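Chain IDs A, B, C, D, E and F follow the sequence of writing; residue 1 opens each chain.
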Amino acid sequence: MSCNQKLMQIITSNTLEDRVKKIFRKVGITGFTFFYVSGEGDSGVQSGHFDADSNILFMVMVNEDQYGLVSDELMKDVKKGYHYFMFSLNAEVLTPSKCK
Amino acid sequence: MSCNQKLMQIITSNTLEDRVKKIFRKVGITGFTFFYVSGEGDSGVQSGHFDADSNILFMVMVNEDQYGLVSDELMKDVKKGYHYFMFSLNAEVLTPSKCK
Amino acid sequence: MSCNQKLMQIITSNTLEDRVKKIFRKVGITGFTFFYVSGEGDSGVQSGHFDADSNILFMVMVNEDQYGLVSDELMKDVKKGYHYFMFSLNAEVLTPSKCK
Amino acid sequence: MGLDAILIPAILFFALGVFAKVIKSDLKFPEGLSKGLSLYLLIAIGLKGGAELANAELGLAIKSIFWAAVLGFLLPIIGYMLLRFRDRIDRMNAAAITAHYGSVSAGTFLTAVAFLEASGISHETYPIIMMVVMETPAIIIGLLLAAMARRQIQLAENTGDAESPSVPWKSLLHEALTNGSVVLLLGAMVIGAVASPEAMQKVYPFSHEIFMGVLCLFLLDLGMEAARRMKSFKKVGGTLVAFGIVMPIIGGLIGIFVGATLLEFSVGGTLLVAILAASASYIAVPPAMRMGIPEANPSYYLTLALGVTFPFNVLIGIPLFYSIANWYIGL
Amino acid sequence: MGLDAILIPAILFFALGVFAKVIKSDLKFPEGLSKGLSLYLLIAIGLKGGAELANAELGLAIKSIFWAAVLGFLLPIIGYMLLRFRDRIDRMNAAAITAHYGSVSAGTFLTAVAFLEASGISHETYPIIMMVVMETPAIIIGLLLAAMARRQIQLAENTGDAESPSVPWKSLLHEALTNGSVVLLLGAMVIGAVASPEAMQKVYPFSHEIFMGVLCLFLLDLGMEAARRMKSFKKVGGTLVAFGIVMPIIGGLIGIFVGATLLEFSVGGTLLVAILAASASYIAVPPAMRMGIPEANPSYYLTLALGVTFPFNVLIGIPLFYSIANWYIGL
Amino acid sequence: MGLDAILIPAILFFALGVFAKVIKSDLKFPEGLSKGLSLYLLIAIGLKGGAELANAELGLAIKSIFWAAVLGFLLPIIGYMLLRFRDRIDRMNAAAITAHYGSVSAGTFLTAVAFLEASGISHETYPIIMMVVMETPAIIIGLLLAAMARRQIQLAENTGDAESPSVPWKSLLHEALTNGSVVLLLGAMVIGAVASPEAMQKVYPFSHEIFMGVLCLFLLDLGMEAARRMKSFKKVGGTLVAFGIVMPIIGGLIGIFVGATLLEFSVGGTLLVAILAASASYIAVPPAMRMGIPEANPSYYLTLALGVTFPFNVLIGIPLFYSIANWYIGL
């Protein structure tokens, strides 16, 4: 009853939380997980003190179709200059209800 | 000295923290990691304000034997109605003492 | 424009945060993510109440070269007795600027 | 009793929180803050209650405890019947939802206290001990209803026991009795009662003086959270939303009867009993339902308790029950 | 006006925070604490301002609001011209940076208030409402400058619109007006103004009495954060660091003129206007720039606002502008 | 000096925390809260100490500092000898554990202060500065003992240096001296001493008045944490648990001698010195041991400091050492 899906992870500024959630909704994603992280990168140190220097990490498990849709949408934003650090991992989903 | 193992991740309600830990103990798992996350899914928005609407994410690195044991136990709960979002990733463990 | 890289994760005591960051800097890593987690393992329960019993989890996406460099450096510390729980996952990086 | 009765800071901050989310402001509380505030409030109210109950009349205290337990057992049963009427809501969800209405919302209770204090109306302190008592029975009733429902479903489906949760009664009762907020409230009451008054004096600036301000902050956060839950109205459906308003009215009226007639409290004390009966727990009960009735949908009961009943009580219930109590006692 | 004027606890704690990071201490604040402290401070200052403004002179209040808006529009344009002089800083970064200087830093403002109170100098309360007003215009100007810059870049590159961010004006204006700190500050002011003084009295121990202490804790944290940012000076470059000092001096002088001459405030009130003009926002504006000008580098504007201008104002600006205001008004 | 001496709120809250975990309640503090409370307490005690030490006698202050340093160097050596007796505990763990006993637990110290204040017993303030002094020497001794042990192990094993940690003395001394709690305590003391009393007055509601209440909250959390650690008794073994009780008794007695005879303090001041000597650090030292003696097992020293010695001191040590000090000084 398990299935193979893609675990996408997106690390970006806390201030773009709603923007990313809107993209999820747009492509029909109803399940996702997120938490706040710190980090360093091209846009400097994100130490988590203010909204503007906190990072959020989204984890979203998607099937092939959703994967294409959501990464296309996110990539549009990347081209506009938004800093999304995105990558995906191959996962085996064990919860049966999540394999439909 | 590295080895291949499974990184299991389980996302569930904060209120089931002890239940999951008990399962770990039952199958002999002594090492695991967890942290609190927010999310959305079939059981609604988990915004992290109260214990009842917070999520916990468990990460546990297991070998093949443990993998079978722990996923069986967790699946029993899933059948009872508990919401565990479970998946596994293939990992290469580098810390030698964790490869025994 | 995507590329395959290694997602290294290092779980260790909060008190070694600066030590790990120094290693990153030494091998030329400028981008990484971290957050605080709880856990159990050989060094006991890390419940997150004090600096001494909190864990930190580092996520760092590296190419093959960096992977060798950073894991060698970290392994030196492991041999000295430092508790680093380290593993790596195969990731597909989607952000173009991170694939150079 | 005009509009200005609800123009107290606590309620205004609640309204500000709702407003912020309605206009989609990005105002956000850091993680952990609302849990911390809620710990503080439970301790403060417990200490206060304990210190005053140390001088309480034993007979009346026992009577209050008795009627609190009765309310805790009775209300969920009324609620269950309402929800199951014409089979509108399935058994499991009905059991889980109704348990919330037998228990209490400390936030609503404290807002009612603030309302009374701002209006200069005195009140008995027995309702604080009633609050402690009411945390537990509703959970037990909810679990019992669910266990019965599970049996019926099994009989209907003729399935074996294999996959059904054999109710872990021991651990659930333990959960109900050792619930964090019960322990904190009861513990603080005991400390407030046994510690020497001089020593307690040094704790007052923390537990009493800054209390109202902390409550404001807490209600601001709850306002935002309540508004966020309101978005789920559609998913939850009209029946449940209606229940979230009807049930507190029924509870409040029963509470007024218990407070005024059975316990012979003043208008202030009666209002507090009404609020105990009218409010729905969103801290202690949901975790117990998560554990004990995993089949129920958490977004139903959280939306109801927090998105419907809580704002209803804060904005309408408190002044409404106050007026009714006033009128009823004055008869 | 000697050294001891800045020996007030708030400033000393800021210095302690800087010192801790300079000696590389491992002192660390838990996550969420500084966000929580900053919520508290906004509420407290809002309540205080609201209560006092309830008795304010309408004419002067409107005049203050008007000049606050003018400052908010004017300062970013001055800043933009400075940054673009000889094409030193590219358009996008110039627009994003300059928006911060039109808005205000509540932390700096509160330090100035603490400075005045410790020195026993009275001040008008209109600057609090000016602070609210100034949060928004600068954001709008910044976005306008960026939109113009984007158009020019496109014309220059002759590229189509396909990949350029079509400015989502609606959502950005919404963001500017419903920004968390605006809502909190304005909301608390309204509550402070409409709630009955007796009810407010119960909130004071929380909002007034422990205020100075909380401010100290907040500034300790900001001191550490400012010092951490100073490490990025090299990356940011000399031009920008210089701008981070020159701009608040220009702003402060303009602020003194507005406060003393146009609004005819006392020395205390004039200092506060100077600080409004001199300070750079590091809470409200950066998120808006992240959203609206994604092309700009966040480490530039955060380093400037927090690592340069903030410490400059706290340690030098406040006593400096106070002396100048004193001299100017005494002329 | 009966049971009611420990019936002060602070100790009762500690007991409540232990009780909650013993009955397996799900009571939980949000992440970061206990770190935040501990920051607050260090600042508050520092400010208080600084303000009073500004008027202290220089001679006695220097004498206190001297004896504090002696205690900090001496106690770990005694502890090391006890642990190494008959080779019961290996060298690395012995060094790491013993360092904790040379340093102090601010939580225990503050509970002792609360105990004295609740009993109306006055005390000298020099122990506060002694607390600051004692943070560091023990860390250095611990590292030295470990360095010596490492050499011996190498000689025994005849291995090269390749894989052994060449002690990074510079960074470890730096760590010991710039440790967060040292910086905060010392910084707050300096601020308390140099800031003008009028300005400090505004900080008092935060730093003094709500102090006792915050301490209660902190001890509630520590009680839960201590109880959680007690579960590891089995892993840690009887020898270590016994050490965790014997060592504070030895330390306390030496502390009484230092306080009463060498420093000629009153009973109150003597108790505080006894507690400094008897208590084991669980905030400043563990991180230093993590860094400096990675070979040692952290669960040993955390279990001992937090699960054994801390509850022993709070529940038994304080009244015990008080009685002994009383008797000894009365001789």
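The definition used in the following text is that a contact is a pair of C-beta atoms (placed from the backbone, for glycine too) under 8 Å apart; a residue touches a chain by one contact, two chains touch by 3 or more.
As the structure is a prediction and not an experimental result, all values here were calculated from the model.
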Along the shortest chain of touching chains, how many steps lie between chain A and chain D?
1
Which other chains touch chain A while also touching chain C?
B, E
When chain E is superposed on chain F by its C-alpha atoms, the rotation angle in degrees, nearest 5:
120
Relative to chain C, the most remote chain by C-alpha centroid is chain D
Of C-E and B-D, the pair joined by more C-beta contact pairs is B-D
From the C-alpha centre of chain B to that of chain F, how far is it in Å?
37
What is the distance, in whole Å, between the centres of chain B and chain C, each centre taken as the mean of its C-alpha atoms?
20
Chain centres from averaged Cα atoms put chain A and chain E apart, in whole Å, by 32
Could you tell me which residues belong to chain F and also touch two or more other chains?
26, 28, 31-33, 35, 180, 205, 209-210, 287
Can you list the residues of chain A that touch 2 or more other chains?
15, 35-36, 42, 51, 89-90
Can you name every chain pair that touches?
A-B, A-C, A-D, A-E, B-C, B-D, B-F, C-E, C-F, D-E, D-F, E-F
Show me the residue ranges of chain C that touch chain A in the complex, using the header's touch definition.
5, 7, 30-35, 59, 61, 89-98
Using the touch definition up top, name the residues of chain D that touch chain F in the complex.
31-33, 35-36, 39-40, 43, 174-175, 178-180, 182-184, 187-188, 190-191, 194-196, 198-200, 202-207, 209-210, 287
Per the touch rule, the chain E residues reaching chain C in their complex are 26, 28, 31
In the complex of these two chains, what residues of chain D are touching chain B?
31, 34-35, 38, 163-165, 180, 221, 225, 228-229, 232, 235, 282-283, 286-287, 290-291, 294-295, 297-299, 302-303
Flag every residue of chain A that touches chain D in the complex, lowest number first.
15, 18, 36, 51
